[in-house]
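Here come two complexes built around chain A, the first alongside chain B, the second alongside chain C.
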Partner chain A sequence: MAFDIYLLEAIINGLLLGGVLALLALGLNLIFGVIDVIWISYAELVMLGMYAVYWLHAYYGVPLVLAGFIAILGVAALGFLVHYLVISPILSSPPINQLLATGGLLFFLQAFAMLLFGNEFRNIGLRLPIIVIADMYISFARLLAFGAALLGMVALYLFLSRTFIGTAIRAVSQDREIMAIMGVDTKKVYLITSAIGGGLAGLAACLLVLQYDVHPDVGLSFGPITFMICVLGGLGRLLGGFIAAFVMSQFITIGGLYLDLEWGYVLAFVFFIGMMFWRPQGILGTRS
Partner chain B sequence: MSLGAVNTGLTGARALQAAGIGVLLILPFLGGSDYFMHILIQVLIWAFIYTSWALMGRLGLVSLGHGAFMGIGAYTVVLLWNFLGITPWLGIPIGVVLAVLLALVIGFPCFRFRIVGHYFALVTLALGEVVRLTIIALRDHTGGSLGLTPNRFGDGTSWYALQFADKEYFYYIALAVWLAGLGIWVLVDRSMMRYALIAVGEDEGAAASLGIRVTVQKLRITALSAALTALGGGLYAQYLTYVNPSIVSGVTVSLHIVFAVIVGGMFTAFGPTVGALFTITLSEILRISFGAQIIGLDLSIYGLLLILFIIFLPKGILGSLQDLAAKRAREAKAD
Partner chain C sequence: MLELKSVSAGYGSFQALFGVSIEVRRGEAVAVIGPNGAGKTTLMRVISGLLETTSGEIAMEGRSLLDIAPHEIVATGIGHVPENRRLFPRMTVEENLKMGAFAPAARGKYKERLAFVYDLFPAMMERRNQMAGTMSGGEQQMCAIGRALMTGPSLLLMDEPSAGLAPVIVQQVFDLVRRIRDDGYTVLIVEQNVRQVLKLVDRAYLLEAGTVKSGGTAEELLGSESLRKAYVGI
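This part shows the complex of A and B:
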């Protein structure tokens, strides 16, 4: 078979897409691993972050980098509030109730964004160059997003492994009950984790807004794939989600190359079902 | 409370049910407007779909992907009619069979490998989204996100095509299907399957050790729920004579189903129906008072209510009322 330049281009684009998906999965997995809660509305936090960057940069003329920082802090604050207002009152009810409560939040955030911002597609109007390497077209925005996603993940790793509070977070994720007895303020750890999860969503928002238009339903276009990635990698497994993100993104871009983009997603899902037969606990998960 | 009181209580409930069905039967003759009939039909069809979801939802199998089954039911009937001229009388059963097959293909690995709780919810959520994406991807036939209209047959009223110009026909069809749904609920409620699945929900390992075939039982209830949901979807498509991916499939529809059931109460037979009445009335009131200029208001309120219900009234409107009534009765007895 002849060397296929388009295939290689798709593979590279898949890698770059995988970076952002991995970042999304990382935030969700972190929250699940520590608090044992799934935020169905996670992608909607990303959507709000994208709107924050859009309004600050394209409307009020705040420099992009500064707008990005404000968006990250804003979504982190939002993550804090999600835990404080929605999750903590029902922390002791069945886990599925917490999941459904964040489902209500999904509805609310999506509809509220519609109410506030209308349903137009908005673009920050920034045209980043397309890099041409050996006849392959690589979007600079994607490259930037990939790099920033990797940096964000390294920063999270260092935070979790090198700081006192990071160690506390890891300890709580291993055993919630024991750590509370050992004198760790689990409430505080939960709130900090939620804020970090929100911050990661904010970072993902900054990277996604460079590539995609923002509209109130944008969360639905990458929310479900993020959940699939998390389950595929093993819920709460940071590394598993990381690997799964790159696997799934390859399905999407290669499938999208030969067929339509929707078929890429469908293929990814079929692969996902196949994997469930083989490793239902996820690539790196352990069975409980 | 004496035995006699229990008996009169039961006959009272029976009489109330009979009276309720009687009122529903003569309703079209009371001269309600077309709009009123439209709302009633919507409530009945959705109540049926919500009941189908609650069949498995109340047993701890929380699916966030029932939009998949509804979408299959709706699209199968319209596609078969438009492209092959197959009557909905065959199209709806074919849709139901396809939905059951999908439910089995997804359900088997989930149940065999004990994918429960969060995992199950997320897997089904992804499933709903993939069916929506597949519908869009098959745009040459399905019309993509623009949707699809079933071809009109004759003058628009035909039993063969299941198309009716007057709403009365659909009202009676929807009423019959809704009643059948409640009947199925009652049958399941009284069956051994319910007790088996409650045991499974409490502790899968213990239930299996008692000889309950966990996977088989779960698959049965899931297939039943998927089949009824697909039937509801097919009926809804016939009624609206229009389908598009976002009104019959996808995450939003799936979450709507879950939301309405939780609000109404998922542990009693009429809970999903109360949920349908409540959500549809609410969105109509909001639509009439604020009009179309405020898109998203109804869903914002829905979302907030859903959060509040889960925090404060996890048993829903009907379930909480029943608890309250039971508490009153106990207090009265204690006096």
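This part shows the complex of A and C:
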């Protein structure tokens, strides 16, 4: 068979898409693993981050990189507040109540954005070049997003493995009940984790706004797939989510190459459903 | 050093401890023995703050433990080796030990204490990059004791260190406990392995159905006819 340049292009694009999806999944997984609460509204934090970059850069003329940093800090603060105001009062409630609360937050944030920013699709108007390598077209914005997502994940990895508080965050996800005898205040760990989760959503927002328009419902176009990636990898398992993100993105781009882009998503979801029958606990999950 | 005065505690509507009073003096090794479900683990949990006390008083070195936050109790010098070891299974041995040094006061002495624990348990040094959950039961127990020592305790609470281990390993764990008490730690140990543990400690309390039934020196308890019949089986 002749070497298929389009297939290679699709694989590379899948890899680049996978990086951003992995970043999104990482934030959601981290929060679930540590706090045991699923933030249904996680993608809506990303949406608000995208708006932050848009308004700061396109409207107020703040340099893009600075706007990005402000957005990351802003969404991190938002993550902190989500835990402080919404999650911590219902931490010992049944899981269904927690789901309803974060689900309610999703609609609240969407409606809030609609009210404040309107229904228009907005674009930061940045034109990044397309790189052509050996007849393959690679978007520079995607490449940049992939690189930044990877950097963000490496930074998180170093934080979680090298520092005392990072190690404690991982420890909480493995045995929260005994943390007090280690001298760890889990309430504080939850707040820090929520802020980090928010910061990751903020970083993802910066990378997505380079490629996509922002509108109040934009969270719906990647919220569900992020959630599925987390479940596929094993909820709360950071490495599992990382792997699953690349598996799903390959389905989307390779499927999209041979059929239509929409069919790529259909294939990915069929694969997901099949996996749920075969391994409901996820790639790296353990049955509980 | 540690004093409990008529401590009661429980889980929801279930009361597990009914006015328990015990005392541990500096340098002593004290055992709490008794049948399954007597409240031995509950007793350990209220001391280290994992469970709230409903009434009574707990004091460490004269200072009440009831008005400080659970995660600050470790700083008063109480190290807890919990029931079933409770290691972080998907973290390495060294990361588990690191968690023992989390408290601000312990962090500064992390390297020093790590060297001390590795000196005490060379096997942990060899396995420091292994996932704790993949080790044998005896090794996990070593790691759990090491993790408690990382907190820099003056009093070590040990909850059934021999549970679930093969007989030959049980002997090793008891040797380990002996070494630790000979190193000058004050030890409060809960055990079902009554005969073994009474050889190791100075005094013991017999806990039954959430109350202290009797107490005394290890020799007294070993000599007591009823206790021997019920728990030692000789």
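By our rule, the second predicted complex is superposed on the first by the 286 of 288 C-alpha atoms of A that agree within 3 Å, B and C clash if a C-alpha of one lies under 4 Å from a C-alpha of the other, contacts with A are read in each partner's own complex, and residues count from 1 in each chain.
One rule holds in what follows: contacts are C-beta pairs under 8 Å (C-beta built on N, C-alpha and C of every residue); 3 or more make two chains touch, one makes a residue touch a chain.
Quick caveat: nothing in here was measured; it's all calculated off a predicted structure.
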item: First, second, both or neither for A:Y60, with chain B first and chain C second; value: neither
item: Most chain A residues touched (candidates chain B, chain C); value: B
item: Which superposed partner A:M228 touches (first chain B, second chain C, both, neither); value: first
item: Overlap of the chain B and chain C footprints on chain A, listed as residue numbers; value: none
item: Complex interface listing, chain C residues touching chain A; value: 48-50, 69-75, 79-80, 82, 86, 88-91, 95, 98-104, 106-107, 147-148, 151
item: For the chain B and chain A complex, residues of the former touching the latter; value: 60, 62, 64, 105-106, 109-110, 113-115, 117-119, 121-123, 125-130, 133-134, 136-137, 250-252, 255, 258-259, 262, 294-300, 302-307, 309-311, 314
item: Chain B-touching residues of chain A, taken from the complex the two chains share; value: 32, 38, 40, 86, 89-90, 93, 95-97, 99-101, 103-115, 118-119, 216, 220, 223-225, 227-228, 230-231, 235, 259-260, 262-263, 265-266, 269, 272-273, 276-277, 280-281
item: Contacting residues of chain A [partner chain C, same complex]; value: 164, 167-168, 170-171, 174-175, 177-186
